[in-house]
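In this document, chain identifiers A, B, C and D correspond to the written order of the chains, with residue numbering beginning at 1 in each.
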């Protein structure tokens, strides 16, 4: 293997000596450990690790050899794992409807090299945001849901994503509920932004409901999409102070800034392999000071 | 009237010239306006005002004369109002069960002169926090809910509060649901702290549920108690960042600090006459820079 | 006057009856008061007011008549004031060097109708951000500072701004110190974003110095530019939590998001006439719930 | 060794295989790793580790045997380290002057079992807070600084602390500058709370200066005391939003709540062995989800 940054995400039952065993494995194969982050859920005794490695001249393993050897280990310790070699950027598709702030933000970060991915396309069920995608030179696909059934539209979108090798789908205020099939097809690879501080104001019109309830803080939540609307693993949340002076419109504007930051952070964590999903929760390792 | 700080809280339909009319009234009666804060709900066109006045030698009105004159005005403009002459501190009763952090905090603020009130008593349905009340020299009343019905206990508490002239009841993690009658008797005069960011995790065990949901922020909410549990007007909310590393115990500890600050702020706003209740919402005017 | 939103910003010595006098004036001239916000500095007894009015058919005053009448009042009460009739959007010039995040953010808000202004131009002392301005259809002027003296460049920029009727200059990470003359020419009309929580880390390389100092929070500050670098009236500040894991690069990235939000909020407050400058301080009235 | 929680804090030059080596060592000696946290400063290539272990029946080492064996390792790898066996709580002395909020807060946390230490005494250079210490049953020592020189007072305090085996000194708004000798005697064992967001408003009267500067956020900083006033390693910082309405008194009150939380968090991190000092910085590991 040529010098590169390799990231392993690891999950297994906690067991005596597991950190020693894992770090030894990588050490003996000749890797430098750049950072190692662990978390043990002390309630169900599950162990999680994110380990970042560089290989140097002493590493003569091919990728398949490395994975084969690690597989032996993983069977012994009941490890479920994934590895990223940092060689190929993830392909991202952004889905939108009418609302533009998240799209602008993600595209500008992408353009400035701050998102470690390739944004392959923007898909809208409306045409409104086509000019925004085009401003940034990103292809826009119009996939309306009209007389054509939603089922058909999702089928087309799925085919498009598969054809383009999409690794991550970002729902940047895409105002459609996804089918069970679609969510399953891209399991743990769809990030949604919900415009409330979940589990408060699940469902539609959260800002209107926040106004009516007279809350003093509003928020936004980025989470993986699952079958149950707004119930998936939470990646990131943010809030901002509001007051009785905040009209519904004002809540929407304040909220837009929260949504923007929260979604960008969540997408960034996913692209940097900082997340291990554990049932309905997302273990999000902080950025290691590399 | 002798020199003093008078606060009017005013609510009426919005109408042309209302600010001029009101400020003129106080000006002509010889008051100095120390601060004036207004809010107009632009949806239902309701006008709210908090106005703070000092009287000087030129004010020869008695309290009843002032109130009589203002009543004339209030009929013309359909004003509902209340006035506080700053002469008498409000009498406060704190209700507790087992949890001590809010009690310690409120009593220490009281002792240090930071709460503009007289804490007349602490009432507990358990004996556990008696020593805390006693440390601060505040009478403790044990009002258990046992074989004796809750109805009977509430009756005793109500009588005690009425006998002592309690103006404000603070539920400092008092883990009992109040009856309709009790809430009605102290309408808009009971402040509760709920240990979640309402409307998320309404009801019991919010930290456990927050842990299970894997949220990335937890919070607390101070609100006026109403018949519907955790549905009353929200006065103040706070949140703090947590992570997957936060165990249920750790969430509880982090939460305790949020609860402490949020309840103290809410009580302070109430005692400083900063709040006008409007249906299910609390208009909370910020502290004016007096 | 045709129906419109008129905003007066008022500053004068505090005096008995001042609110009544002012609100009466507008009431008698036939205006509706949409919102009225006051602040009295209780130390030096200065009174500040932001009052928003709509005129209806009953208002027969021309702008000059209104201003003439108000001038009479203002002499009596030593009022310094400014008025905005909401008829003409302010013309804004954005000055940049190499850093793009503030520019993208401001232009996207502008494009989406969220900034109440006309962005007439972007001026860069480098060419790097020309494509960004062009993406959004905003003219870019390249005004390098090279063998040509800075004095000459500032002269050209001043002439350009004057020719285009620029009302507000936004320094969106423009990495040049402005001359006394330039600052004076656009007095109280230049907003700068400093990439630290002032007065901490005044001057150059704040993120590097924050890293070296090991701070646990970093921030950004939007302020009016004055002769003394980073000493002008502060409009808005924001912070974000960091840790020992945050490398200098990571601090820069976290900081970029703070700078973005803080500058946008400050510009918005200025454009909405929410600010009265008082010596070295900015009185920033919150958005009124209109 | 009997079952117990052992914490090692480790610092050494980064080197290939260091995590494997260290975790192997503890594994082979029979320990369970409860949590392991690492940080590598990628600029100066220093490695830091906080590792928490439990021993079970298979561990037959005495403390001195363990330390002897670890010393062999530490020489090979140039490790500086410290170990805590969790057997003995740290002895804490709190130093105060007139201000009470931090003292109340620390004593109440201590009393409630939320601070993992024994508060042996409160030392005041004034008598004012004696009743507070006594309320909580903690001995109070009055060590005034009067005609008697400060040198003499510090000598007495040092002797008292040494006699009582004080491990940690907490300056809870102790308004005296400590001598070089005193700081050196308790090196890395004095925590101070500074009532500003350092490095802003270093030195005296920070709230007054914050008011004069018109900042929009105020803060507090807990740090280890060093010879240079307010220059020591920062452990924790907090901020809160303020406005032009905030008078100097109001800033002080808002600040008091920030100081309270920030100091408590910092003391807690120290007592839980979460901190490794590195030059002028504090590496503060987050609470591990044990």
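Assume contacts are C-beta pairs under 8 Å (C-beta built on N, C-alpha and C of every residue); 3 or more make two chains touch, one makes a residue touch a chain.
What you see is a predicted model; the values in this text were computed from it and never measured.
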Copies subunit B and subunit C touch via same or different residues, half shared test: same
Chain of greatest Cα-centre distance to subunit B: A
Inter-chain centre distance, subunit A versus subunit B - centres from mean C-alpha coordinates, in Å: 42
Subunit A and subunit C: spacing of chain centres that average the CA atoms, whole Å: 36
Where subunit D touches two or more other chains at once, by residue number: 39, 42, 243-245, 247, 286, 288-290
Contacting residues of subunit D [partner subunit A, same complex]: 16-20, 23-24, 26-27, 32-42, 241, 288-290
Residue numbers on subunit A that touch subunit C, as the complex places them: 100-101, 104-105, 108, 112, 114, 135-136, 243-247, 250, 253, 257, 261, 264, 286-290
Complex interface listing, subunit D residues touching subunit C: 39, 42-43, 197-201, 212-217, 219, 233-239, 243-245, 247, 280-284, 286
